[in-house]
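Before any comments, here is the structure.
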Amino acid sequence: MLTIPCATLCWHIPALFAVFNAEQLGRIVESLERNLLTPIPLCFVLGLICTQIHGGIKIPKELYLAIAIFLLMSIGFIGGHELAHEYQEHGISTIWKPALATLVLGCLTPITSYVVLHYLGRLSIADSAGIAAHYGSTSAVTYAVANSFVEQTQHPANSFLPTLVTILECPGIAIALVLGAALSARERATKASASGAPVRESKLGEALYEVMTGQSIMLMAGLLVIGFISTLFMDTKGFQPFYDFFQSKGMLFRGALCIFLLEMGLVAGERLGDLRKVGPFLVAFGIVMPLIHGFAGVYLGHLAGLNLGGCTVLGAIVASASYIAAPPAVRLTLPEANPTLSITAALAITFPFNIAFGIPIYFEMAKWVGAT
Amino acid sequence: MLTIPCATLCWHIPALFAVFNAEQLGRIVESLERNLLTPIPLCFVLGLICTQIHGGIKIPKELYLAIAIFLLMSIGFIGGHELAHEYQEHGISTIWKPALATLVLGCLTPITSYVVLHYLGRLSIADSAGIAAHYGSTSAVTYAVANSFVEQTQHPANSFLPTLVTILECPGIAIALVLGAALSARERATKASASGAPVRESKLGEALYEVMTGQSIMLMAGLLVIGFISTLFMDTKGFQPFYDFFQSKGMLFRGALCIFLLEMGLVAGERLGDLRKVGPFLVAFGIVMPLIHGFAGVYLGHLAGLNLGGCTVLGAIVASASYIAAPPAVRLTLPEANPTLSITAALAITFPFNIAFGIPIYFEMAKWVGAT
Amino acid sequence: MLTIPCATLCWHIPALFAVFNAEQLGRIVESLERNLLTPIPLCFVLGLICTQIHGGIKIPKELYLAIAIFLLMSIGFIGGHELAHEYQEHGISTIWKPALATLVLGCLTPITSYVVLHYLGRLSIADSAGIAAHYGSTSAVTYAVANSFVEQTQHPANSFLPTLVTILECPGIAIALVLGAALSARERATKASASGAPVRESKLGEALYEVMTGQSIMLMAGLLVIGFISTLFMDTKGFQPFYDFFQSKGMLFRGALCIFLLEMGLVAGERLGDLRKVGPFLVAFGIVMPLIHGFAGVYLGHLAGLNLGGCTVLGAIVASASYIAAPPAVRLTLPEANPTLSITAALAITFPFNIAFGIPIYFEMAKWVGAT
Amino acid sequence: MQLYPLKLVTVVGETVIMDDIAKEGQQLGASGYTLSEVVGQGSRSARNVIVGASKTMKCEFVVPMDLAEKILKHVSYTYFEHYACIAWLSDVQVVRGEAYVAK
Amino acid sequence: MQLYPLKLVTVVGETVIMDDIAKEGQQLGASGYTLSEVVGQGSRSARNVIVGASKTMKCEFVVPMDLAEKILKHVSYTYFEHYACIAWLSDVQVVRGEAYVAK
Amino acid sequence: MQLYPLKLVTVVGETVIMDDIAKEGQQLGASGYTLSEVVGQGSRSARNVIVGASKTMKCEFVVPMDLAEKILKHVSYTYFEHYACIAWLSDVQVVRGEAYVAK
């Protein structure tokens, strides 16, 4: 069942770009304009500009963390709420296919990333695995921005998309870390024997556990369950204030997203100087890989029955790279990997690319594969 | 006037449990379900689970403090607003009795706690007085959760309940600390003479003053006055945005409460390991004492004319134990007292018990004593 | 063009106070009452009281910073939004005159302040220039409170006032610092030659750049542009949640302002003890200078065509003194200046004076010069 | 560069007592103090943790030897028995150190 | 005032390893540790910065000489190659210092 | 365990100058620095407090003796007169200390 879509996928990619050159480019540009000239990406741009002119905007770390917590809780809670409605209406019949597709994508993307980085880009085992861990996972903020985008185009995504974000968070990191640890075992074994310190060996298990019980997963999955249960057991009136607080179309979510993207712009801007250090291959990787992963997400999403908005958002989250859960896990398990490479690629290339150009492109891809 | 209700109270307690065994247990269970399966207690449970599986949720201290400030201001402001309405309609005729009842309860509960702990539980003077200071005061978050509960059951509490929270905050701590300091004077005198350091002697006054001008009291009482004055002097339209910001049924208050209870769950969860250290007596104390104090609150509240919701909430706040104002005051004045005992009892036993089971039980108690 | 209004201005000042003594005092008192008995100034008073009784309210620094960021973003965003409407309707015809008037005021007020401080008050060059930098700039929170005031009196200010706040932020600091650096050049030159350290010399440029790209300017001007662009390019429905989040009449802005003023009260209260240190001249300066600057703002605003609310708010922001952007800039460039003087004047005298008495007075002044 | 030999007294302990220690150090004659927030674990700290506030703080005094002894004595007599804390002394060479010797 | 000569081991490094270092120090025999958040720059730190968390931490141990050596050896072997960190030793005089010597 | 004797320079002062001090220390030759937020009081600090920002910071440099003197001299000439600050020196034994000696 899986080989066929994969084959079709490979067949589609060149066609995709051919078609894009001709007809849809105009629509993409228009879509870009509508996407870019809204407060969320503009706040990101403000952050970028601020770092370039050495301006004084400083978002306290605690505000950044507070907003991250709110966004994750919000995504989970509303996800659980919508899932409860979906479940009450359709059981799991509409959900299991997209969930499976997401799991498959979560397992494939770290491997495609690793292969491209190690064999095409000639990066070391540790660096390749480290970067693959970032691209195998996902970025909740990219989800939030993509979701805002499709809502603004009047094509809201299927209600259970937050569930898919949760599914996509872990497997990619886990697979890439295990891969990296296994492949670099010899190197590390020799070094460990020289220094007589077997301590580091044991940190893979620890790090995997930490990823799976990390803040992102715990908050999203936890609030998903809470949202699900309280939707089933509470009356609408009692539920309303919680819904108003967490809802993703509401002022709090959108406003918090503005401040968060301002900070992301500041952080990404500080990384822009590292672009020269990482070299042209990684820059290209940070743009082309998301397009390929994004198309895979859109395509499998369509096969699994997602609507136009759903395909777009799935494309965006598959295309996105983690910059919260992955870095410390990689740092602990693959200390030889240079964190500048992975964080610059994820944060200073792929994240802004997705926010500005990727999401409208996945939207057009989704239309093009026939999602409605 | 006071001896009669006290006597009746004692007479009622066994009857209470007898009746509960038979008929109302079903209603309590139902009520529990309706209470427990809502986001606020579920967030507490998520925090507990997170600590047990060593998950990665971390609420920055500053977010926790910010929410605490907001909740206290909110309780005070809306309290002052409602008090102004009550005052305009009825003068102080409806308020003075509940206020007096609360004051009486604030003075009695530290003493009952001390007696039970020292004579029944055979704890040292310092430990007994330290724990009594916690149980003599109250927990503003328990108030907020109880208030949400009665609003969800369509039995909102009397409008001046926040005033009662403010009244209940201080006396219990003050009485317990003075008691503890006086009773342990000999022990402390001998020690002080040996070391030649009379410094600590003077800290009781300091600590009492700090309790009375502490953050909780200042914010609640201060905003109560502000809410009162601005209700009297502002037109409705100008007042509206402030009301919307602070109102306890609104999304901000409820949402903030979710995040706060998540953190409380994390803190209580870290304390669960100490349950073994504190021993079975203190665990039983942390459950039974609130039931007794809660019933006293419900009963006196009913005598003082509170409605069904009001009796429930008064029961809950009398039953609750302070874990914000009391700990540092006790630590400074009774340094021999082991803080693990008091904080574990207040935070890991009584607080979750009240949130999950206590509040619905006080609600049934309130119905049973005839509140409407 | 400028000499005439200046002359008229000087002519008006004595007349102003003469008239105030007779007729309008009653209206000012009434206006004061309506202004003072609202949550925003009352929260400031609560903060003051708390410091005087050594109460325990502590606003975490990060909450304070988070609110400051939100307020600045909000002022900018709504300013940009309103500016876009104004621009669509009238082009720049209604805006250029008030903008020019504001720029003129921004250049004059540091000079008047310096002259009064150095020649009348006999303060040192450095101290005079340092304080002048504070009074030449503006306080965004005073703007927010003044704006709330005129909205509550049903005389909302012209929509482009936030743009004027942005214009007023920098020039005053820059002019005062350059003045101070130039005038104290000889003193500093001799000292520098003695110690052989030319390092400090170069910090003027740095400090000026830091003021012009400081947090206040970047956030206000940045969000102004973002608000402007997104108003032009987004449909109303998509824009709504951002508007709701940032809008200055909304609950978030008003509520955040309450907490901010509470903290301002705490900070100002801690400074009250310094009032004796700064001496009677500076106390008088901190009250009279704002009245003069405020009248200049009201008057020029009226000449430039602002409405009643607009004149009041322009008066208030010209009268206000910076206590965020100015202090570090002055500290770096004029280290001989005693920061206690400038901060006490700006924060413990002028800020509370404006909040409590100044704003209603500027409102009456605006009526009196004929603004409608 | 003229340097002046003095002592650095460092006290790490529960937050609840650290403000008092800083003030008492000044009362004993220290010209100033430097406080910072830390997180720590020791033999007693687990028992003494308090919720809702930073758990532990560090307080440093730059003082002459006799004053250092006085501060350490005071801290150890007053707080060591019931509060989680640790205190130590080290040698430092202070710039313009005369200013930090009690008048 | 009876003071006990011990060593103060200070390690400054990337946040991601500092919790482990603190725990490993205790496992090696330290009676406690004191952690604090710092910000730093060094020869490698620019390369190793991680987003979204405090970048650097400082960890201090008050221990006897032999244990100090053990901790420094462990830290230097395990972390110096791949992580940004620096470690040093200094002499301190500790109040009631016997308590901090491993049993 | 090979340890290298170096100096630890500690400067505590108003936040507004501490970033500059850290950078100037590096320019003079220090291989790195460690900054932390503290709260303090001294003879002048009350006068010099600035609102809205952390009031005081501590900056530490691990450097050889000659560089330590240079940094202290620079800091004392440039900042001691007008800014609230204190600076001192202590002896440390640094792991792989060669790395921190200016090339």
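A, B, C, D, E and F label the chains in the order they appear, each numbered from 1.
One rule holds for everything that comes next: a contact is a pair of C-beta atoms (placed from the backbone, for glycine too) under 8 Å apart; a residue touches a chain by one contact, two chains touch by 3 or more.
Everything numeric here is computed off the predicted structure, so don't read it as measured data.
The minimal number of chain-to-chain contact steps leading from chain A to chain E is 1.
Contacts with chain E and chain F are shared by D. Any chain touching chain B that also touches chain D would appear here, but none does. With respect to chain F, maximal separation of chain centres occurs for B (centres as means of Cα atoms).
Pairs C-F and D-F differ in how many C-beta pairs touch across them, and the larger number is found at D-F. The pairing of chain B with chain C is characterised as different-residue: of all residue numbers used at this interface, under half are used by both copies.
Chain centres here are Cα means. That of chain A falls 43 Å from that of chain C. Chain C and chain E have centres, each the mean of its CA atoms, that are 48 Å apart. Each chain gets one centre point, the mean of its Cα atoms, and the points for chain D and chain E are 20 Å apart.
In chain A, the residues touching two or more other chains are 60-62, 65-66, 252. Looking at chain D, one finds that residues 36-37, 90-91 touch two or more other chains. Here the touching chains pair up as A-B, A-C, A-E, B-C, B-D, C-F, D-E, D-F, E-F. Put simply, chain C touches chain F in their complex at residues 61, 64-65, 68, 195-197, 199-200, 267, 323-324, 327-328, 331-332, 335-336, 338-340, 343, 347.
Residues 10, 12, 36-43, 45, 56, 58, 69, 72-73, 75-76, 80, 86-91 of chain E touch chain F in their complex.
Across the complex, chain A is touched by residues 60-62, 65-66, 69-70, 73, 77, 209-210, 213-215, 218-219, 222-223, 225-227, 229-230, 232-234, 238, 241-242, 244-246, 252 of chain C.
By the touch rule above, chain F contacts chain C in their complex via residues 14, 16-17, 24, 47-54, 74, 77-78, 81-83. Residues 1, 3, 6, 8, 22, 26, 31-37, 62, 90-97, 99-100 of chain E touch chain D in their complex.
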